[in-house]
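Going by the order they are written in, the chains are A, B, C and D; count residues from 1 in each one.
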Amino acid sequence: MSILVGPQTRLVVQGLTGREGAFHAAQMAAYGTTIVAGVTPGRGGERALDDRVPMFDTVVDAVRETGANTSCIFVPAAGAGDAIAEAAEAGIKVIFCITEGIPVHDMVGALAIVRAHGAQLIGPNCPGATSPGAIGSGTKIGIIPASIHLPGDVGVVSRSGTLTYEAVQSMTDAGIGQSTCLGIGGDPIIGTTFREALELFAADTATRAIVLIGEIGGSAEEEAAAWAAVHLKHLPRVAFIAGRAAPEGRRMGHAGAIVSGASGRAADKIAALEAAGFKVAGSPTELPRLLAEAGYTKA
Amino acid sequence: MSILVGPQTRLVVQGLTGREGAFHAAQMAAYGTTIVAGVTPGRGGERALDDRVPMFDTVVDAVRETGANTSCIFVPAAGAGDAIAEAAEAGIKVIFCITEGIPVHDMVGALAIVRAHGAQLIGPNCPGATSPGAIGSGTKIGIIPASIHLPGDVGVVSRSGTLTYEAVQSMTDAGIGQSTCLGIGGDPIIGTTFREALELFAADTATRAIVLIGEIGGSAEEEAAAWAAVHLKHLPRVAFIAGRAAPEGRRMGHAGAIVSGASGRAADKIAALEAAGFKVAGSPTELPRLLAEAGYTKA
Amino acid sequence: MKLHEAEARELLRRAGLPVPDGEVATTPAAARATAERLFADGAAQVVIKAQVLVGGRGKAGGVKLAANADEAEKTAVQILALTIKDLPVRRVLVAPAADIVREIYLSALIDRSSRGILLMASAAGGMEIEEVAAKDPGAIIREIAHPHAGLLPFQARRLGLRIGARGELLKQFVAIATGLVRVARESDADLVEVNPLAVVPAPELPGGERLVCLDAKVTIDDSALERHPELEAWRDEDSEDPIDREAREMGIAYIRLDGSIGCMVNGAGLAMTTLDLVTRAGGTPANFLDIGGGARADKVAAAMRIILADKGVKAILVNIFGGITRGDEVARGLIEARGQQERTVPMVVRIVGTNAREAADLLTAGGFATASSLDEAAEKAVALAAGGAA
Amino acid sequence: MKLHEAEARELLRRAGLPVPDGEVATTPAAARATAERLFADGAAQVVIKAQVLVGGRGKAGGVKLAANADEAEKTAVQILALTIKDLPVRRVLVAPAADIVREIYLSALIDRSSRGILLMASAAGGMEIEEVAAKDPGAIIREIAHPHAGLLPFQARRLGLRIGARGELLKQFVAIATGLVRVARESDADLVEVNPLAVVPAPELPGGERLVCLDAKVTIDDSALERHPELEAWRDEDSEDPIDREAREMGIAYIRLDGSIGCMVNGAGLAMTTLDLVTRAGGTPANFLDIGGGARADKVAAAMRIILADKGVKAILVNIFGGITRGDEVARGLIEARGQQERTVPMVVRIVGTNAREAADLLTAGGFATASSLDEAAEKAVALAAGGAA
């Protein structure tokens, strides 16, 4: 019915008392997400979100007292790698890190700890994930605006933030709903890659088509395409790659978005995706039409 | 029929071209151990042990070319922690480290790598292990003299070197043979504890009695006793603890052998073992008699 | 942030790695003085190297040998007069020319696929690693460093053994390779490259050879610069465009391009997509510009200044998908900016998402041309740049 | 190797931890000079602390306050004249007396059970941790540091939060706790203990308090001393017995005890067992002595000198189980040693294992009393010490 987030989610928000944390926690709760705890060191014992959510000093306390199984991190960049490690060590199995600007070496260490504890990290520098429902009964983690979603059966995975919203809005406008919409983040070192996201969608019986929103830089789209060519044959699949017009050697905002010599080019990614059976759009607005061409029909 | 070492053992000797390595490799081979490779960086391509064993630059090369599954390390202390990590990373699952004097912080790091790779380390600063057989058909790893052994069904585990020989000799003199004789080493941080050794012996159908040779310091004997009280009821078990006469606060040679305040005392260890059903000897020479009293009869 | 060769060498030297002597000079006289000292210390020749943050300086005449102090000074005059790939040469490194037996390539870099620190070594030093990768991929030896412990000695040894180092040279290689990873971790570098890592004669050592880091390239992770004020101080603001500096200081991701349509977008992916759609509609983007999430009016105004500083801009496309960013805030910023700007350029604005309705009201009242879809906005901007109506 | 408090503090200071001012003095005049400086710097009182490597120096009168320079000098005279648990006080630490708000206990040590670095913290500082463990085990908060990355910040925070640190004090605690583990790892320490870690007034800070490391105890792993020459240089050879030093330098593990039977054994476990069996046979061991594996004749001779240097030794028991160690080599060493020794003491020798037969021949030819079992050897030695025949 969805991947990573859904009715089973019991969320702890790390950094809930910060400006961003408080704002987005309220948005998530309003959409229907079950928030069971907040963590801010030194604020244990207080209550937050209109007195509905207990605060804890540490994640391990939050897990023990509330059974939290998922975390969403709004901690500032300097402490975010440590917050990820804390969540993993406390037994949280699904960890979203929204924070941007985390030093990449911090992520190398944090991710190793996540893996050692068998957890799944999404991000950092990602918008989060939504498994849409009616307002008040969906699950949304992170900062994606609730308004763009429609419940449905298309899995969306993307490296970008607002570009994802653009793509999802065009689907919703066309009446095409989403099973889960997942933003994996644009940093060089991320916890969940395109390929891993596709594996999760492939195992989700409620996902009947895939939309992949990639961009220049690295080879994650190519790696996902190679996997999809073998394992995703049963699902209609479309993609969009941002950065066709990007020049070589200039970093396009995202730390990860750079064309280096012969690698990371949009043309190569598009070719790899097409070879793997993806229909590749020239604009996000074309995604609904291409989904239909790929064989997707609304349930 | 034995634990850790036996006919399945395909041994790579790290540091085979050193003085100790060469001497003991020859002894091991003479006893029947299958030595498939030696590793000394820069000596890859040569042959050792009277031209019978190929040398490699790295353990990963040795594993790939020879299918080595067990390692015995004679590398000097400064490089021994690294040699352990190299073996684990190369896929070796049973690693004996004979080297003494390895800095304890090196061991903290090396052991974490061993665990991450699902390998079993024995030692460091240990004499090794022997699964006795007739000369030429037994398996012996490390530096235990072959002459003291007799094939049989008593499992021996010990923190000491020569004290183990003393104990095993007294058994052999009494016609009591050993399934495997294992020296776990006397350092504060070791790869295999008494308790883990007992777990292995408990799972070995050919082991019909247990001899545990402990000493003052730490609480490994107490932890093993607590486990044995529950899981080892079916086996006759005897023990000897060295250091009854040791004064408090003085380190008795082994980095691990020290009585600190109320912990690590021989009396406490003996009490814990007796409470767990061990017969505890006052001298290694009493072990054969106590084995009989504990219900052990020669097969 | 890329470091100049001289600073990269300094970083390696501080980490205890073998880096040859050498000094930076900004004038021919200073270059001469350093050369004189190096000749007095026994150098047979010196090398004068342009310090510019682009590749290919050798081919551009930016690296030259000199056999005496006069020649060094003359060469410095020539090189300090060069402009390499648009960058004027303001500094040269003067160092003793090495007597190279052979060259090795060695680097440590952040690797997306393994999500760790990748070490690459090749016996074909001197060449760009991309070239080696294309010609003979098997010649590149790789190790992934331990995520917490750095490059383990056995990994460093394995790299060294596989490119043929033995004995004393292998020991040195191990120290250098583990040192590169230490530098990468301690200085938060994305990349630490030594090319060439040169084997030079060393009659005093067993084996008769030793390794020296002849050239070094280091890139620092921008996200970590805050905790390295000592490295931030090395930023070469002289060779940074003032507009680029303003963007960086405002937290705006800006890259100037060659076209006529200025773009202001929130989000990197959407900004790239906007460039793509402008191009697809037949236009040429003048820049990549991401104002980031949650941008306020002042940031919008700064972005507008930055875009307009480019005289090639003939039209502006503003594309905002409100999420954290509130559409009305952006609209207010645009109105404010218009009041301050020195020249008028036609503009098309698309604001959707959070507070889009309030934004639309403000924009309509302000007389801005608007668009609802991104495709439409791109087409209108292209028409405006060509002199048409929005 | 245990470090003196002054050196332990220095190690923490070098790691950037907050350690109060203070200097070591070996004479009352020097102590006075330091006290004068500290009073001039604003100290209300100074504390004079004996630098001896045993516990309980406070109860022995080795730690005293002084309110002025005269008092400091007089106190130093007294303390420098003390002998605490057999150790003469040769140095004192003179430091400003702290105005303590409360005391915390914090240590990092090698932990056998978890096979890692264990951090222990308790709000009951000042007390010995063993005492806290006995009285109120729940008051001790524990964390196991990451085996490669050290104490992670969240772990340090967790420790601090649980002993009640908040705000600014929590930040300081995190820096100190992670710092202790860094010191332990970088200096190869088995133990780094700060007790008390004192909360003192700091009106200049938000919260009004700060943490200082008032007393420190550090033990360095002997196996790692070779790679820390700077720490080895701190070895207090003055308070080391010359015999202990000879043993250490020869690689012989030697501990002097109070009895009459000198023991020479190969292997620590067997050496302890030998002591146990001597005791069981009614004798009293004069020492623990392990000649180690593979000992040669010269080491055997040195061990004999070390044993005989103890005038309380009335008989000697040599117990060798040959493995790496060859029995004939030991026998030759014994014969050689007998030729050199100044006094004659009855001896019983048991050599089994590798080359035992060759050893037996040599010993018989040399007229040594021998034994075959360990029990028998112990009984014979006890009889010899009591004046009987072997």
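For this structure, a couple of remarks:
By our rule, a contact is a pair of C-beta atoms (placed from the backbone, for glycine too) under 8 Å apart; a residue touches a chain by one contact, two chains touch by 3 or more.
Just so it is clear, the model here is predicted, and its values are computed rather than measured.
By the document's definition of touch, common neighbours of subunit C and subunit D comprise A, B.
Number of steps on the shortest path from subunit A to subunit B, with steps defined by chain touch: 2.
Ranking every chain by how far its Cα centroid lies from the centroid of subunit A, the top place goes to D.
By number of C-beta pairs in contact, A-C leads over the other of A-C and A-D. In this assembly, the C-alpha centroid of subunit B lies 28 Å from the C-alpha centroid of subunit D.
Between the Cα centres of subunit B and subunit C there is a gap of 55 Å.
Among all residues of subunit D, those that touch two or more other chains are 146, 148-149. The residues of subunit B that reach two or more other chains are 109, listed in rising order. Chain contact topology: the protein chains form a pattern that is neither a line, a ring, a star nor a complete graph.
The chain pairs satisfying the stated touch condition come to A-C, A-D, B-C, B-D, C-D.
Chain contact summary for the complex, subunit A toward subunit D: residues 41-42, 44, 57-60, 79, 82-83, 85-86, 89, 109, 113. Residues of subunit D that touch subunit B in their complex: 110, 112-113, 115-117, 130, 134, 147-148, 184-185, 188, 190, 221-224, 226-227, 253, 255, 257, 265-273, 275-280, 285, 288, 290, 293, 321-324, 352-354, 373-375. The touching residues of subunit C, when paired with subunit D in their complex, are 146, 148-149. Of all residues in subunit B, those touching subunit D in their complex are 20, 77-78, 100-109, 111-112, 127, 143-145, 147-148, 158-166, 169, 186, 188-190, 213, 215-216, 218-220, 223, 240, 242-247, 250-257, 261-262, 282-285. Residues of subunit C touching subunit B in their complex: 146, 149, 152-154, 157-158, 161, 166-167, 170.
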